[in-house]
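Going by the order they are written in, the chains are A, B and C; count residues from 1 in each one.
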Amino acid sequence: MNEMIPVELVGFSHRSASSRARERLAALGVESVYARLRSVGFEEAVVLATCNRFEVYLGRPESSPGARRALSELEDMAGSELAEQAYLFSGPRAVRHLFEVAAGLDSLVVGETEIMGQVKGAYEAARALGMTGRTSNVLFQRALFVGKKVRNDTKISAGQTSVASVAVQLAHRIFGDLSQSSVLILGAGAMAELTATHLSSSKVMRLSIANRTWERAVELAGRFSARPLRWEDFPSALVEADIVVASTGSPEPIVTRAMVVELMRRRSGRSLFLIDIAMPRDVEESVHGLEHVYLYRLEDLEGIVADNLRNRGGEVERARALVHEKAAEFCAGDRREFAGQAAELRHSEAL
Amino acid sequence: MRLLRSIRFNIFLGLLIALAAAVGTLLPQVPEVPEKVSQFHQAHPQWSKLFDFFGLFNIYQSWWFMGMLGLMAFDIIVCKLWNKPPDVGMVALPPEINREEEIERQLSRKEAALKLKPYQALLRSDLPFDDAFGKAEGALKEAGYRLSPEFRGASGGAFVATKHGLQRWGSYIAHIALVVILAGSLVKGLFGFVEMVPVLEGGSRAMQNKPDWEVYVDKFTVRYYEGTRTPKIFSSVMRVQQGDRELGAKTIYVNDPLDIGGVRFYQASWGAGGMFRSVTLKIGAQKLSLPQKKRVKIKGTPFTVEADMMLPNFTIKDGQADTASLDLQNPAVRLSFTAGPHKTSPLWLFENNPELCFVEDENGMLDHAPKPPFQIVAIDPVLFSGIQVAYDPGYRIVLTGAILWLTGIVSLFYLHRRRLWVLVEPDDGQARITLGGWSSRGPKEYEREFQGLVKRLGSSLACSDFQISRNPLLEVS
Amino acid sequence: MNPEIVLIKGTFAFYSVAALLALCYLFSKQERLSLWMLRLMGIGLALHLASFGFRLHAFWQIPENRFFLPINSFFGALSYLALAVAAVFFVIEREYRLGILGAFVLPWTAIGVGAAVIFADPAIAGLVPALQSYWINIHPMVLMTAYAAFGNAFGVGLALLIQEHQIKSRKPSELCYRLPSIEDLDNLNYKIIVAAFPTLTVGILMGGVWAYNAWGRFWGWDAKETWSLITALIYAGYLHMRFVKGLRGRKAVYVSMVGFASVLFTFVGVNFLSELHGYLSNE
């Protein structure tokens, strides 16, 4: 059976290895890893390196030195003992693992889609270096197909899983496409910046950043091609803002109900989305009761994220079953099917 | 006065008018169904007292309802039409001041104004100033804009380009139209009249609104759809006389009236009043023709029979014979038989239903009777033609109002008005063009067009670079 | 069996299934549902038109009825109205690709045709003389097209209320992510009313011109005329509130819904009141 699926795998993931080990491996540089592998006789290998994972998939024509050899080369390159933190799979087990990875089942955030791009990128890089063969061609294309199918057929990828992306998604539900929307960021902080990143990639019309410290506002604004505002100016900037992200360290609310009442009068009824991710609150809670005002606090966004994760989690069993089924199908195919599959699965390219 | 001009008050007034109109459809109204009004009075005397106080049985002609309409018309004039939409803003240069100085001043004012427009663009052209100015005008004219020049001198020039400018007048015209329509109704109310003149066929009747006019119906015909009682066509051969002079004559049909100097005679309805020329009765083998209220002997019997009354749409009300309407849905004839001094109780027989028969006692109460051995073969009723006479001097006005409304509303909602303010200044042998844009529609519909327009201008003006920006502060609904 | 009746019953079946699919599509993610919803609607519409063609043919057998449209009965009018609602929905779907709104609009088409099939008398009658005018081909159609558009606007308004409630609750369900955004729905509601309001007023004015030609008076405050005017006043109120006072969102939808209630009364309720205009009174 194993001759049918000549695949081996040596890998380190956030489950098995410490972050220091993973950092060491990441620091090696993918190209030098390929060079080393080639130099010791591997003709077919794909290296998948992400922030949470470092895996080497090896094709195994009889000539290849084998996964253990690859592991020792890596230890040598990294300059440390890594064996206890690695996992070695071969044959159907390796196939199943790759499919699970592509489906996002092995990721920190279940069902995340970034991994698909990473898998595809890894495969293409290997191909460019001439390190792929018939096995890896068929295997990786099939993996991408399975990844897509699992995400379509189950809810594994449904719902956003970060506070920032949930906020942006809600913004879309209020305003439609954001190209006519104006965003105002009050304060700073990781979450606020992440939200700003998402929003500016949604191509909002205008992004303004106000901060008690003028220099900080300028610096942030530079990073997001936004307009910096002086802190005193923010109340008047509120009139034109459709989406406000409040993330200051202020101990008292800086946006009061009275302010918003006046604001809404001047905005003649256009909706206002306030994202209050500050602790303690930057926006008075009673603001949510006003007409056309939507105030989402950090706990509301976190609640949505938790719900989404729970829904995703509920789908894990189903997804896993699907992956195993597909992996078994793949392995059960004979050589003819192998050749056939390589030709037929072009559409998995459409990622 | 502030109140009358406030939009909130007028929206409220409009809805109040709607409410009053709605009440008028729920309660019977005197001009339409006076008999139902009296029925209502009998059935609900206390409510009727209350409703009468407010004139709720004749709402549409009541002083307060018409007052509300009048107030609405007044408010429209005062709110909307008093201040005409501001004009384009032609810069009238005082002649005595040095023109160039004035132009320079206007240039900076213009630039400041342009920065406030929602869409802005700045282009740098390789062409010299005069060339650029002319080409800019030409390009916009080609794009379908209408140009209004503002000023032009050695230090710069400006003009405004508009497309579908009519749109700005749309609201204004539509509101004028409403006032015109209300005015037309007022004219009709004051000077017009509507009158129903029922004329028996072959007869005539004088009008009430014009007592010296006599309406003659020489012949009236009605034809039914096969096997039904639904009329398919009815018409009158009629004429109108003023003493000996014939004012007009025509065979009128529904939808086809006679018009005498604005007074129009419509074939509106028809019916039978109860008079008839004859009733044909079949008794045994005999067919007797009975003129109204004339005794006819039945051969071979000592009896004479008389047909004295006909109801066109027989129905029983409170146990007595009555007619539900004046059209011949269910014609019935009352017959009485006499033999010597003895007279039978009157019987009712039906043209459409030979099985049915009622007997009437001395109090007029009806009771079922067995099927008689005679039946009504035909009734030849004397019909009357319901001629509606209407004089509406306000109609032309209302029609004008309707057309104005159509123009106004279509311009307002269906035309997309765009405006471009263009400022061209010489800049070191080349030209700098500043554009300000405005659209009556939202950005989703205009933004791309604006960008396309700027690019077109850029290419026809040999522009080396251009910038486009948005000014969201001015986003209005 | 009468081919017209067979076809219209088929229409009812297709519209009903399409409406059901639309409701399912609201809660499931299958694009296929939306596709089939549109397909079935298309077939239903074709059957509807075919049935209308048969009716037309039978109607024109009576010489007085040539060449007028057979909407002198409740059956004909309901049928045309359902057709108009479906047609307007298709136009909106084509333009904005909002198949999800089918759940709010298509049930009306099914109800319209259903009411015609179940309650109304399909008998073909000759036109009474007052209706034998070219105006019958224009005036009622214009008005009913406006009513159909208002019906669509009602559906959009309903979707807006749901979406607004979802987001305001701060616990949006999956439905929230499938419905269009609040602003988009609000704009669509407005756009439909902006298209329908002039149509309505033009239809009313046409009625006045026809009345003047038939009875000598442009406006008689009869129930149908009055209620169509009330409808126009309510929607005019909506437009003024939006333009001048910036009324949007939930409250604006409430106003437009009152307007739609008035449309329903104008079309259906009035028949129980008026002699002149009523479909039900002359039978």
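Quick note on the criterion: a residue touches a chain if its C-beta (ideal position, glycine included) is under 8 Å from a C-beta of that chain, and two chains touch if they have at least 3 such contacts.
Remember, predicted model here, so these are calculated numbers, not experimental data.
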Chain centres computed over CA atoms; the one at greatest distance from chain A is chain B
By Cα-centroid distance to the whole-protein Cα centroid, the innermost chain is C
Check: interface with higher C-beta contact count, A-C vs B-C, is B-C
In whole angstrom, the CA-centroid distance of chain A from chain B equals 64
Whole-Å distance, C-alpha centre of chain A to that of chain C, is 47
Dist(centroid_CA(chain B), centroid_CA(chain C)) in Å evaluates to 21
Among all residues of chain B, those touching at least two other chains are 442, 477
Flagged in chain A as touching 2+ other chains are 268
Multi-chain contacts in chain C, i.e. residues touching at least two other chains, fall at 245-246
In their shared complex, chain C is touched by residues of chain A numbered 158, 169-170, 172-176, 268-271, 288, 291-292, 294, 296, 300, 303-304, 307
Within their complex, chain B touches chain C through residues 7-8, 10-11, 14-15, 17-18, 21-22, 24-26, 29, 32-33, 60, 185, 188, 194, 225, 228, 230-234, 253-255, 257, 264, 266-268, 388-390, 392, 395, 398-399, 402, 405-406, 409-410, 413-414, 442, 477
Seen from chain C, its contact residues with chain A in the complex are 163, 167-168, 170-172, 174, 176-177, 179-184, 245-251
Counting only contacts in the complex, chain B reaches chain A at residues 442-444, 470, 472-473, 475-477
The residues of chain C that touch chain B in their complex are 62, 64, 125-130, 132-133, 187, 194-195, 197-198, 201-202, 205, 208-209, 212-223, 226-227, 229-230, 233-234, 236-237, 240-246, 270, 273-275
